[in-house]
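Note that subunit A is present in both complexes that follow, paired respectively with subunit B and with subunit C.
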Partner chain A sequence: MTKNSILTPAGKLTAGNRTDKLDPRVRITATIILAITVVSFASWQAVTATIILALFMMAFSEPDWRKSLHRILAMDGFIVATLILLPFTYPGDVMFTLWGFDASWQGLYRAVMIALKANAVMCGIIAFLGNMSSTELGRGMTGLYLPIKLTTLMMFTVRYIDVLHHEYLRLRQSMRARAFRLKTSRHSWKMIGYLVGMLLVRAHERSERIIWAMKCRGFHGHYHFARLPRLSRRDFLFGLAMLAVWAALITLEVLCPPMI
Partner chain B sequence: MHIVDGVLSTDVVVTGAVIAVGGIAYGLRGITIENMPRTALLSAVFFVASLIHVPIGPTSIHLIMNGLLGLILGWAAFPAVFIALLLQAVFFGFGGITVLGVNTVNMALPAVLVGLIFSPFLARVDGRIMAVAAFAAGASSIMLSAVMVGLSLALSGQEFLATAKLVFINNIPIMVVEGFLTAAAFSLIKKVRPALLLSGASSRATA
Partner chain C sequence: MPADDLIELRDICFSFNNTRSILDHADFDLRRGERVALTGPNGAGKTTLFHIIMGLRKADRGTVRILQNTCASEQDFAAIRGRTGLLFQDSDDQLFCPTVMEDVAFGPLNLGASDADALEISRKTLHDLGLSGFENRITHHLSGGEKRLVALATVLAMQPEILLLDEPTTGLDQDVEIRLIKILQNLPQAMVIISHDHAFLKQVATRQIRLQNGKLVSDTPQ
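== the complex of A and B ==
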C-alpha cells in the first residue's frame, strides 16, 4: 500500500499479533454476532461488560493506538451530536432545566446506553476486522456465501478508490495552481461540481480501457480468491471461547433487569 | 446523515435490512461482465466525493451526491451505496454494523427514485431547464434522504422526534449546495460525455 492510500486498516498488517492468524470468516461472524447482541441488550451491566470485553479484545489485537483513538473520537463527536437532544425529549424525573427545557435522568441514561453500545460495536470492529486487508475481507465474504458479484464489485471499488483519490488530488492541485480557493459561494460549488463531473468522465474513460484489457486476459465475471483453508484448531478454540463469553453476557442480561 | 448502532428499534433495523437485501439483489442483477468495472469506478468516484468537504459559512459538509449517483447508476446505486458504507465501517470505523441496512436504504432509495423520475426528463431537455431539473434532482434526493433518516428515528421512539426535525433542518443548506453541485456536474457530463448518462438505462436493456 502506498503511503497516502486512504483505505488502510487501523491495525498493522504485519503478521504476528493474535487475531491476525484467525480465519476471516470467523472474524466477520464474531463481529456481526457481537454487534447484534450488544445492540439488543437492555441492562447496563451487560452493555458495560461487553464494552470492557471489546476493549480487552482490542488490546489483544494490538491495533495502531493513535489511529484507533482518532477514529473513536471522531465517531464519538458524531454520536454526541445525535444524542444531545435526548435528555430533553425523554420524559422522566427532572435533572436540570435549561432555557425552560427539562432534562430527564431517564433520557440521559438512554443516551449513555446508546453511546456505550455504539462504542462497543466500534471497538469490536477494530478488534476483529481492524487488521484485515481488503483482500481478506473479500475472501471472508465469499467464504460466507455472499454473492460473488457483490464481492467482485467491492474488490474493484477498493482498488479504484485509491486510483481516483490520486486523480482527485491531482485535479485539486491544478485548481490551486489557478488560484482557486474553496469558499461559500455559488462559484465554488459550480467548480466542485465540475470537478466531480470530470472525475466521473475520466473514470468512465478508464473503465472502457480496463474492460478491454481484462477481456484480453480472459476475465469472465468474477474475482479469483485463493481458496480459504479449512478452519484450524485455533479457529475452533476462538469460536468456542466467543460462544462461552456470549453465553455469559446473555446470562448477565437475563439476570439483571433493565433500569427503565 | 449516518445513524449509529444502538439508536434504532429492532423493527426498523430489520425492515431496513430486508429492503436493503432486496434492493442490492435487484441492483446486482443489472450488473454484467461488461459494466462491472464501470459500476465499480463510478461507485469509487462517489466514495471519493464523500471525502470532499465543502464549506458552508463557519462549518463544512461532506458531499453525498446521491442524486447524481441515481441518475448515473440507476438500481446499481443500491450495491454501490452498500459497499461504500461497508468499507467506511470496516476501514474508518464509521457508521455501524447492525444499521448498515437502514443506512443503505436511506441513501440508495432516494437515489434510485430520483434516477427513475428525473432521468427520462433530463435526457430530453437542454440548457437552462436542464440545469434547473438537475438542481431539483440533487436537492430532492438529499431531502428524501433526510426525511427517511428522520422517519427511521421517529419510528424508533417518540423521544427522537426532536432529533428527527433537527436532522431535517440541518439538511436544508446541504440540499441547496448539492443542488448546485449536481446541476454543474450533470451539465458538464451531458456536454462532454453523454454516453455516461445513457449507459445506466441501456445497460439494463441489453443485459
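== the complex of A and C ==
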C-alpha cells in the first residue's frame, strides 16, 4: 500500500533534485493553479501544451519513474470506462455504429480531452508534490491557511491507510490459514462480507482508541506544524516562471478556438 | 488526604451497558515513588480502570482524585492529562504522526511549548531512551519493539508525574524487555503497570495489587 500512496515517506526522500528545495506553499499553489487552468481549457492546443509542459517538469523533478507510471496508470484505469462510453453517450456527427449505438466524433473529442487533462493534472501533481513528505504537505497546507480539518484528515489518511491495510491482510491471512479460497459461491460472498464488516468494526474501535490516545496527550482539535521559513529568492523566481508559463498557456487558449 | 497521594479512587463502580459489572466499589491509592503492579484475569477491567483514571470512560459512581484534584467533568480531566501519561496496549493507536519526531513533539506542542522547545524536549527524550537517530523514521515502519519504546518516548516527552503502562512488555523480545526494565527502574515517576509477566513485574514493581471480581486487593507476595 505504501508503494501506491501519493506521498513518499520522509525517510526515503530522494535528495538532490531541484523541486524539493522549493517552499511547499509555492509548490501547492502552483499545482492548484495548473490543475484549475488545464481543466477549464477548451482548445486542444492549450491542453497538449500543458501536458507537454507537465511531462517536462516531471522529468525535471526526477521522480521514481516506475512508481510514477504506476500511479498514472492507476488513475487512467479508473477513468477508462467513462472514456470508452463517452462517444456513445454524447450526441453529434456519427463516427460508427456498434450494436445499434452511434458513436459520435464530438464524444470522441471530449473523451480525448478528458484523458489529456486528467493526465496533465496527474503529471503536474507528481512533478510538484510527488516527492514531498506528508509533513511538508501538511505544513504547506497550514501555511496557505487551508482548512485545518482538511489537513488533519490528510495526515490521518497517510498514517492509517497502512494500518488498515495490514489489518485486512491479517484477517485475510487468518482466513487462508483455515483453508478459505475465494470462489464464486454463497459461502465466499458471506465470508467476504464478514471480512469487510469486521474491518469496519475494527476501524471504528481503533479510531476511538486513537482519539483517546490523542486526548491523553492534550489534543485540542488540530495539529501543530512547525512554521515554515519565509519565501526565498528561489521561490519567487519559480513563482514568476510559473506565472509566465501560465500567461503563455492562457494566451494559447485565447488564440486557438476550440475545434468543436 | 496525605499530600503524596497521586491517585485516589474511592468507591468506583463501572459496568458495560449496565449488564456486566466490571468494577464494584473499587478503591485504589497511588503514592509518590510507588511502582504498582496491577494483575488480574483477562477481561477483569484492568484497562478500563486506566481509562477511568484518564477520564476516557466515566465511572457509574465513585470519586476520582488525581494529583489532589477531584475530576468529574471532561475539563477537569483535560487539565490533568498532561501530567498523567498512559502507554496504550497497542502502540499503533498511540503513534499517529508520520514521523517519530513529530509524534514525540505532539504532546509538548499541545501543552503549549514553542516549536524550538518541543523539538529540544523530543530530542532529549529520545536520547534518554537510547533512540537517538530515530527522529526521521516513519512510525509505521518501526518494528514492534521500536514502536513500544517510541510510544514510551511520546508519553515521557510530556514530563508526566504519573505513568500508567498497559502491558508494556507484550510482544517484546528479551533484549528489548531488559532495556525496558532498566528504563523503568530508573524513571522517577510513580507508575501503575498492567502485566501478566510475573518475572518482569518482580523486577520493576514495589507492590502488587490484583483486580478480582470488581475489587482491588493487595497481592504483594510475602
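One rule holds in what follows: the second predicted complex is superposed on the first by the 208 of 260 C-alpha atoms of A that agree within 3 Å, B and C clash if a C-alpha of one lies under 4 Å from a C-alpha of the other, contacts with A are read in each partner's own complex, and residues count from 1 in each chain.
We take it that contacts are C-beta pairs under 8 Å (C-beta built on N, C-alpha and C of every residue); 3 or more make two chains touch, one makes a residue touch a chain.
Small disclaimer: the values here were computed from a predicted structure and weren't measured.
When the shared chain is aligned, subunit B comes close enough to touch A:H165, but subunit C does not.
Once the two complexes are overlaid on the shared chain, A:F156 sits against subunit B and subunit C alike.
The partner that reaches more residues of subunit A, of the two candidates subunit B and subunit C, is B. By the touch criterion stated above, A:R206 is placed in contact with subunit B and with subunit C alike. After overlaying the two complexes on the shared chain, residue contacts for A:T89 are found with subunit B alone; subunit C is out of touch. Once chain A of one complex is fitted onto chain A of the other, the partner contacts of A:R217 are limited to subunit C, with no touch recorded for subunit B. Judged by the touch definition given at the top, the superposed model places A:A30 against neither subunit B nor subunit C. By the touch criterion defined above, A:L129 reaches subunit B but does not reach subunit C.
Shared contact residues of subunit A with subunit B and subunit C: 9-10, 134, 156, 158-160, 163, 206, 210, 214, 219-220.
Considering their complex, residues 2-7, 10, 13, 24-25, 28, 31-34, 36-45, 47-49, 51-52, 54-57, 63, 65, 68, 72, 79-80, 82-84, 86-87, 89-94, 96-98, 158-163, 166, 177, 180-186, 188-189, 192-193, 195-196, 199 of subunit B touch subunit A. Interface residues of subunit A, counted against subunit B in their complex, comprise 6-10, 31-32, 35-36, 38-40, 68, 71-72, 74-75, 78-79, 82, 85-86, 88-91, 107, 110, 113-118, 121-122, 125-126, 129, 132, 134, 137, 147, 149-150, 152-154, 156-161, 163-165, 168, 182-184, 186, 188-201, 203-208, 210-211, 214, 219-221. Looking at the complex, you find that subunit A touches subunit C at residues 9-11, 133-135, 155-156, 158-160, 162-163, 206, 209-210, 212-220, 223-224, 226-227. Of all residues in subunit C, only 51, 54, 56, 78, 81-82, 84-86, 88, 90, 92-94, 96-99, 102, 105-107, 109-111, 115, 118-119, 136-141, 154-155, 158 touch subunit A in the complex they form.
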